[in-house]
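When the chains are written out, they are named A, B, C and D in that same order, and each has its own residue count from 1.
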Amino acid sequence: MTKLYNDPADFRQELLDGFVAAYSRLVRRVPNASGVMALGAPQPGKVAVVIGGGSGHYPAFCGYVGPGLADAAVMGNVFAAPSAEQVYRVTKAVAADRGVLYCYGNYSGDVLNFDLAEERCREEGLDVRSVRVTDDVASAGKGQEADRRGVAGDFFVFKAAGASAVRGDALAEVERLAAKANQRTRSFGVAFGGCTLPGQREALFHVAPGRMELGLGVHGEPGVESSHMRPAAEVANLLVTALLADTPSGAGGRVAVLVNGLGSTQYEELFVLYKDVHQRLLAAGLEPFQPIVAEAVTSLDMAGCSLSLLWLDEELQPLLEAPCRSAAYTN
Amino acid sequence: MSAVVVVTQSLHKAVDVFQAREQELGRLDAAAGDGDHGATMLRGLRAADAAVGGADPQSAGDLLVQAGEAFADAAGGASGALFGAFFTAAGRKLSTGDESAAGVSEALRAGLALVVKLGKAVEGDKTLIDALSPFVAAFDAAVAGGEGAASAWHVALPAAEKGAAATAAMVARRGRAARLGERSRGGVDPGAQSVVYLLSAVDAVLQESCAANSSIL
Amino acid sequence: MTKLYNDPADFRQELLDGFVAAYSRLVRRVPNASGVMALGAPQPGKVAVVIGGGSGHYPAFCGYVGPGLADAAVMGNVFAAPSAEQVYRVTKAVAADRGVLYCYGNYSGDVLNFDLAEERCREEGLDVRSVRVTDDVASAGKGQEADRRGVAGDFFVFKAAGASAVRGDALAEVERLAAKANQRTRSFGVAFGGCTLPGQREALFHVAPGRMELGLGVHGEPGVESSHMRPAAEVANLLVTALLADTPSGAGGRVAVLVNGLGSTQYEELFVLYKDVHQRLLAAGLEPFQPIVAEAVTSLDMAGCSLSLLWLDEELQPLLEAPCRSAAYTN
Amino acid sequence: MSAVVVVTQSLHKAVDVFQAREQELGRLDAAAGDGDHGATMLRGLRAADAAVGGADPQSAGDLLVQAGEAFADAAGGASGALFGAFFTAAGRKLSTGDESAAGVSEALRAGLALVVKLGKAVEGDKTLIDALSPFVAAFDAAVAGGEGAASAWHVALPAAEKGAAATAAMVARRGRAARLGERSRGGVDPGAQSVVYLLSAVDAVLQESCAANSSIL
């Protein structure tokens, strides 16, 4: 339950103020807009990577702004996509001379608003492209990959886009690589308990004691299936099985791994889970590459976790390995 | 009552209505989505109301454009973009056309067309379209049958209500809830319900204005 | 509530296995001991910094092992100090030729076990010193600083010790600087909800709805005072006031700042809180230095947060600024 | 029943007792500490029991030393170090001294002395000392009065129980709970309660052994 707030209507504004006050060594507020930009932006000679979405998912999105990652993040209200107007303003603030790539999770609200901003920028002659993250296998079946929503896989796609942009790749190339990272990323999550919007007393949803929800969305969208709670080893098995069943075409044997906590689930639990995830991946003949066990894309105080795999190749691996610096992730 | 006053009073009324409905709409959204629809609508309407309240008296169309922009920006999310686009497109049409019943009808159609173009939903997808589209059709028909705007509005309202109610039996194919498949069946679509509350707020203003025996609409 | 586990009796073992499997690019398991050591350890020419304590506080302690931070972490069971035997074994595994510094929170169990290990090592001719972290102002009054327990201030003390050791300082100097960092660090925390030990169904404590506990310990030790829940701005005020009232002697005007989440409290809430913390520090004539808003020392899934301030000087600031790399903190 | 058998059977019995008491001791610890005392004791006792069970039959003193080391290592925390030290120091004394009642008395005193030396607690600090110290004194007195070990143990047990019960009214001055000041008053100290359960487990074994009319102790 959200406990620390003043007027719930000011929540987005105040969290951005606090974020920028804390991390002024990395970011500043986009003037007159609900967004955060890297200190060095706009950076001539570089494609600008603009990420964004609703609030409530920190480190997504503002935690990933900085050198080697995003140039800016547009921040909507809790669980609400930012408006097209805000996306537009942030874009104008960070666009340099090589164009702009939008990267965001594939949700109706985000698509509508980023698309409107993209159209407006294009009318002004600014080259803007978009890569929508669609990693959640629970949200649409095989063959409908483009309809899937974006969850923790955001992290891999942002990292790939940021690393490509910072080394000077052209917009079409940054777009291609981000799209490729997305095309090869799969996630699946489970939830054990609901989250509560600031100022609300009732949780968005409840998970009955002793049960868990499979495939639940990061905004509390109900899962695709409900199950009794299982030991960590079985949950690991279930997550790995769901992803391997959806292995993307052209996949190799090396996978970047992200075990993501949604909010209330402890790091210790994530490590207990990872123990078996690791063994299952090895057993499936896969080589886990620089696994990350952390809170990368949260959902307020939801209890639960997800597993994301990115099947690497020789193009993508260096992008994940590349250095970067941001409030939430430094490599 | 002038068209300008209808717009400003309707927004004012809508803020009251959505304040009372915020939790209910949130719960409808929580059933299959992310629970923010009531808060999003209220945020948007407050901003629209404030934008229009501070503006110099202009044409109703210009006011609607301003309201739509303020709504879209403050609300965000899917409904911010879609309701905002509806207001803006309707306002544009109104300010270039006339404020007769036929002009209002054209404005509504323009608003609906943009929402469909942006959101790509068709009737039966369990979205706000399921309330808005039948309303616009019924309003059109009433106007074609010779009704004035206020009376056509009142006559058309049940079509929106019926459309919204029918979403309960639908499986979502657009928006957040679309990922749920069969599990999205059962609840009324929050966006469709909001359409009903919005149109009802306008209706209330129009009926009051008729009772006071004004003319324009 | 802890949800992901197998046999609760295996929790420590499994989380360590998972941690080491995930971060094998940075750490490895200490052979035959409940601990984690940096890949480069033992490192000749360098004082070894050994941290540790009970599990349930990730990133403390194993998340802070790596270059520029600790050489090893000894990990006890959940909320139980590691045994002297384990401390001893880990010490022997990472000690090089410049001695060893123990850094840990000041709790009866930790003191007893680290002291026993220290004594045993000394008998073997190994120079081992200890710095106990005592930052929690809620746990003992002024004049009794040495009796205070260690909470999120651990982070600053570990960072100072790690940076001093890695640049080649002698043991006495590493000890002096770590002790100085501790002497100048103050923390105060509030809790909004209890945490649950793995396998237990009942929380360790409960905070009634609409209330909060002031000065609660990171293991659920009851707070010093109970209060009604307040808006974030008032909580910020209360935290800053408590720390400023306890300003250490010799304090300057620049303070390192850590806003620490205990587990279930959202990052967004911490930023909303930080907005007012920042303003209050400025109003008090203090200059916040590279603030960190993160989960640095958690308490399973407890809801709550703490504020830590380290009054810097020209010796300590470079230690905090120095580069480091670990699973949880890279600078 | 030999002293070796008393040690092994007592540990075995203690595992059963603490299994039944784990939750209760956890709750006592949660009141002012961190709630892990029951789990910690049980973990330690299981390890001690396993270590002793696997060992070749040796002297009771050597077994106690091994039990103490296994206990301390597996339990961790404050009670791991302190109970472990008690067993180890008592065992060392027993294996260098004799296994008569006077020898047991000396061993108990050696154990207590190390616990006091390490933990620096005195009676009244609301720790395990408040149960252990009166027990050792009462045992001593009973032995001085001519009782055998088993009967002295039985006679001394109420002193531990009384000491543990008295901790409820104390303010903690050592260990985790010491930070609470006045708020630590009210509950029995978990470590003191564990002393009672441990001593009672030994007593049960000794009384059975007497009933079976054995001799050594």
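Note that contacts are C-beta pairs under 8 Å (C-beta built on N, C-alpha and C of every residue); 3 or more make two chains touch, one makes a residue touch a chain.
Owing to the predicted nature of the structure, the values given are computational and were not obtained by experimental measurement.
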Identity of the chain that, by mean CA position, is farthest from subunit A: D
Subunit A-subunit C separation of Cα centroids, rounded to whole Å: 29
Where subunit B and subunit C are represented by their mean Cα positions, the distance between them in whole Å: 54
Geometric centre distance via CA averages, subunit D-subunit B, whole Å: 76
Subunit B, residues touching no fewer than two other chains: none
Two or more partner chains touched - positions in subunit A: 78
Graph class of chain-chain contacts, one of line, ring, star, complete, other: line
Pairs of chains in contact (touch as defined earlier), listed by label: A-B, A-C, C-D
Contact set on subunit A toward subunit B in their complex: 9, 54, 76-86, 107-109, 112-113, 115-116, 136, 138-140, 147-149, 197, 200, 204-205, 217, 219-222, 224
Residue ranges of subunit A in contact with subunit C within the complex: 1-6, 11, 14-19, 21-23, 25, 55-56, 58-59, 63, 78, 192-193, 198, 212, 229, 231-233, 235, 257, 259, 263-276, 278, 288, 290-293, 295, 298, 300-301, 303, 305, 327, 330-331
For the subunit B and subunit A complex, residues of the former touching the latter: 26, 30-36, 39-40, 43, 69, 72-82, 84, 118-119, 174-181, 183
